[in-house]
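Multiple structures follow.
Shared between the two complexes below is chain A, which has chain B as its partner in the first and chain C in the second.
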Partner chain A sequence: MTESRRGWLGALLLAAPVLVGVGYAVLAGFDVIGPGATGWSANRMVRVLSEPAVWSGLGWSLRVATLSTALATVTAVVVAVAFRGSGRGDRVGRALAILPLPIPHLVAGAGAVLLLGQSGYLARLGMAIGLVGGPGDMPPLIYDHAGVGLIAALAWKEFPFLALVGGSVLATRGNVLEEAGHTLGAGRWTVFRRITWPMLWRGMLPAIVAVFIFAAGTYEATALLAPSDPRALPLLTYERYTDAELTSHADAFILVLVGVVVSLAAVAGHEWARGRWERLTG
Partner chain B sequence: MRGTGLLRWVLLPLLAVSAIAPLGLLLMVSVSRDWFAPALLPPTLTAESWLDVVEGGRLGSAFLRSLELAVATGGLAVMAGVTLGRALARQTGWRRHAGAAAAFLPVAVPPIGLGVGLEVSVLWLGLGGSFAGVLLGHLVPAAGYVTLYFMSVFSGYDFRVEEAARTLGATRLELLRRVVLPLLRRPLAEGFLLGFLVSWAQLALTLLIGGGRVRTLPLEVFAYLHAGQDRYAATGALLLTVPPVLTIGLVKLAVGRSEAFPV
Partner chain C sequence: MCFRQLAAVAVLALVACRAPPPPRAEDSGAVPWDSVVARARGTSVVWRMWRGDPSVNAYVDRWVAPRLRERFGVTLSAVEGQGAEMVNQLMVERQAGAGGSADLLWINGETFASLRQAGLLSGPWAGRLPNAVYVDSTSPIVRRDFEQDPAGYESPWGTVQFALIYDSARTPHPPRSVAELGAWIDAHPGRFTHDQGFTGVTFLKTLMYAQGGGVGRFQGGFDEARYAAGRQAVLRWVASHRRAFWRGGAAYPPDVAALHRLFANGDVDFSMSNNENDVVTKIRQGILPASARPLLLRDGTIANAHFLGIPFNAAHRDGAMVVANFLLSPEAQYEKQRPDVWADGTVLDRTKLPSEWADRFSALAADPRALPADSLRKYARPEVSPVYHARLAADWRTRVRQAP
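Right after this comes the complex of A and B.
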């Protein structure tokens, strides 16, 4: 077999499980195959997609993904700008910032449970300084409707990656343009607003989109920290798929398709933004 | 930048707390006994959960199971990734983009979606709930990541070195042993570690494909947390942290030792 054909076959083999899964999900969603299949019918698709639980779960997951990505991005930009030099303080700052990078999401979730729970360490510190009377007085930060604990855990886990990307954007493209700005008389804030920030967000956008997609679909930390109502999309998918009622399994396939559409929409949004920016800047 | 001086001195302690506090808390919880609110420090210490690891209890055997899975996934992902990444890197134009997109698919799909889709294939093969089934499941995203990695490695690789060796009479085996492997030693190690880590932290895929029967370390940590057994959950969580941290350390060491990327 030639190397070219081997490459093609191999790439197809890699993509095959996903393509089989998506193909199966479409067919199961339209009741063609799977338990309880009745032959081509859009009834299940219409029923699942008109369930308020699905839309509230999707909305909740998107809100958490947006807020955690925004928080991680702001933190990453601040860290990347503050520690962009080559001095000892810069190196220490960068090293401390990337420490959470290799820690698995499940561990971040476990840490958040022990830290942010109503009898967690934060509550105990609050009790020690008299801010909190007892575990019951601590505002719920995990399993809460607002998703504060999950947003914080995801932002903590993702900002090191974004800071790393932001740091490399500044290191490779930063100085010349900024120095030109200073030479032309622009103040520090103007240079940041007109040069550093646009350069950073454009360079970081692919990574930001990747973080958003990951946060919207992640299971580990969500299963540990999210509330039971509304049920986040990944949890709802898992719940339907493992339901004792076999006919619910096809509902899960429809939810998988919803998740895939969210990922594709985020990638398409990124491509649109990139295309627009390239058109504007030539 | 001088203006960021104050910001740096505010940020440094915050970053230090952010980096150290969660792991420090997990460590304290892992050795604590009867540590209830509002106590700030554990009243008594115990090594019970760590002994469980050493003596091959539930956490110990889960650790070994995860290690077996991750090593096998890393090894197989490297074999797939080198072959595919090398072949795809030699393509040009749309073929290269289409190949990269195919490798990117299993990486981009949310794990829960990938798991549900994969289970169909794994059940069809009769491997549902088995070690081999979970290994196949982990291999799909891992091979995707490692293929993408080797595509970029081979993009900067000088294939003329191999042609020169063949011209000088080297057999295929000699070419592999004396030219290709020495050149690719570091990327191979990094590719293995990448595949290892993708498998090591998997929960969604293991749960869906293994059906709860393949007891890996993430699965046990998850179960302990849900059961409120914080001491064991914290011990398992710390064990989960060891290989990724070691890996980053090893890669940094390797980067420090090699002057330039050898390919």
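Right after this comes the complex of A and C.
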């Protein structure tokens, strides 16, 4: 077996579970299998993909994923840069920053309900100091159209992962280049802007893309914090899959395919960006 | 259909394939109950059920399971699963030709309809349980499951009745009818809502009965024209009060647990439950305030029964029947109905029971924390075809939830 053939086989084995799942979703989406299947037909595909609820749900999920990923990235970069040293304070800072990592998303979501709800701890603090009159006066941060609570919960859960990646990028590639910059007379800000930041984001990009894909499709925290309208894509998928009407279940597979397309687009975007800067930096 | 075969092969590639057990001839015949009990000894019964309430779990794990082990040598393990998830699981098991992962299912209404429609239940068996002689076969709530004839494919297990929940300290004079509720909502903007799940849809169905001419108009199977009129009535009521709902009717709590939380925290003044006695257990668990009380609307509230089914591919059918029979015993039904345990209504007819048990059930009904039995009966309305529930849920999503 040649080297490249082995590579292909390995890749195929890795992809097999996903391919089988996607294959099933395609067959169910075209009504070939599953309850109420009629044999190849695009009717269901056309009907589901022309529902405004699907597109508003997808749009909402993408917006939440974008904002929470951006917030997590900024926080992670600040943490990675601020606590990059080897002193005691840096070590403690790094340890504290990764605390949210082992906390389950469900717990993070429930925590956000307790903290950010209209009668949550934040609201009670507001009432205690006279900023908020009652639950109704507190601006809604959960089940809210803007998704503030969900964005905050996801960013809080994901930033430690990105900070770990950022920290290791700095630790392995940082110092030499930055010192060279300083030696050549660049100020701190210039070094950050021209050396540290480009190095960081390129090293972190695969992790950032992974966080984005996760945030767009995650169910647990979304179920606890998202508004009833628009219905986030993962919630809409689950709702269809568990509908009392058996023949609606195949709708969920079409929504899964929509999610897969989003993920593939994000990965393709990453590959394109990498190809571009590799050409530039050769 | 070569694509269908291709798809089946794709599924089989993932799931270890095992031929479904061939139906055993002796099951369908009248094997003496003693033989069923003998064959059940030493088996493990997996019970797929809703595991969302600590009181229910405690009853099943710490009261039922030890007794089954002691008396019948049956090991009971309860696992999570409900409604459509359960249907999907069985559907996948059948497509994959795999053996069953559960022996007993807690089901009713739409789930029973889906399972029957897809041929995923084994039966008939319920009539063979010795304790079935005690079942209240005259009650319209127990005899029919959302108007469907259980036909021996499920055995009744408990009854519940929908009730609103209010806080007697916060709302000393609660509304007692749908009309009064509407007026109360308008007078107290932002203090009422319902959830998006099963309980919320049951509330909407209560409105449909009340505003659409009574339950009688919806009985006798699903009827498109009658449904359309009922839906109009519900949507009209919702539209006229919605702006005074919590968050102006633009957002709804995801499930009844979230609604309980809003109620307990003082965000809203009402919660609701499919079980009229839920208040008692939720107060004991510290979820609801001690002054929380159940409330029946005079227009009628929906009562239904829940049942036990055995999946077509159950590995331990005999064990499952022994469990179902024990759960139907006066002893197990009484324990379940105690307010300190679960407060789930019995499906047994008191007049058919040995006098010792009849007396104990009568004493339960006199508990000051329970709603009076006569008003429960007076306001109880049966379920209608599960299609009404499914359609109302779907239409609420598109016509109310998506149109804030």
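List of remarks:
By definition in this document, the second predicted complex is superposed on the first by the 264 of 282 C-alpha atoms of A that agree within 3 Å, B and C clash if a C-alpha of one lies under 4 Å from a C-alpha of the other, contacts with A are read in each partner's own complex, and residues count from 1 in each chain.
Keep in mind that, in the parts below, a contact is a pair of C-beta atoms (placed from the backbone, for glycine too) under 8 Å apart; a residue touches a chain by one contact, two chains touch by 3 or more.
Fair warning: this is a prediction, and the values are worked out from it, not measured in the lab.
Model built by superposing both complexes on chain A: chain B and chain C clash. Look at A:244: by the touch rule set out above, it reaches chain C but stays clear of chain B. Once the two complexes are laid over each other on the shared chain, residue contacts for A:17 go to chain B and to chain C alike. Contact with both chain B and chain C is seen for A:224 once the two complexes are overlaid on the shared chain. A simple residue count on chain A separates chain B from chain C, and the partner touching more is B. Residue contacts after overlaying the shared chain place A:27 against chain C, while chain B stays out of touching range. Judged by the touch definition given at the top, the superposed model places A:143 against chain C, while chain B stays out of reach.
Applying the stated contact rule after C-alpha superposition, one finds that A:6 touches chain B and leaves chain C untouched.
Of the two partner chains placed by the overlay, only chain B lies in contact with A:234; chain C stays clear of it.
In the superposition on chain A, contact is made by A:39 with chain C only, not with chain B. Contacts of A:108 after superposition on the shared chain: chain B is touched, whereas chain C is not.
Among the listed stretches 22-30, 76-84, 166-174 or 292-300 of chain C, only 76-84 clashes with chain B once the two complexes are superposed.
Chain A residues in contact with chain B (one complex) as well as with chain C (other complex) are 17, 20, 24, 113, 119, 135, 223-224, 241. Residues of chain B that touch chain A in their complex: 1, 3-4, 7-8, 11-12, 15-16, 18-23, 25-26, 29, 36-40, 80, 83-84, 86-88, 90-91, 95, 98-99, 102-103, 105-106, 108-114, 116-118, 120-121, 140, 143-144, 147, 197, 200-201, 203-204, 207-208, 218, 221-222, 225, 230, 233-234, 237-238, 240-241, 244-245, 247-248.
Within the complex formed with chain C, the chain A residues making contact are 17, 20, 23-24, 27, 32-35, 37, 39-40, 52-53, 113, 117-120, 135-136, 140, 143-145, 223-224, 226-231, 239, 241-246, 249.
Per the touch definition, chain C reaches chain A in the complex via residues 1, 3-4, 6-8, 10-11, 13-14, 83-85, 87-88, 91, 95, 110, 113-114, 117-118, 190, 196, 247, 250-254, 258, 261-262, 265-267, 386, 389-390, 393-394, 397-398, 401-402, 404.
Those residues of chain A that touch chain B in the shared complex are 3-4, 6-8, 10-12, 14-22, 24-25, 78-79, 81-85, 89, 92-93, 96-97, 99-115, 119, 121, 123-125, 127-128, 134-135, 156, 188, 213, 216-220, 223-224, 234, 237-238, 241, 252-253, 256, 259-260, 263, 267.
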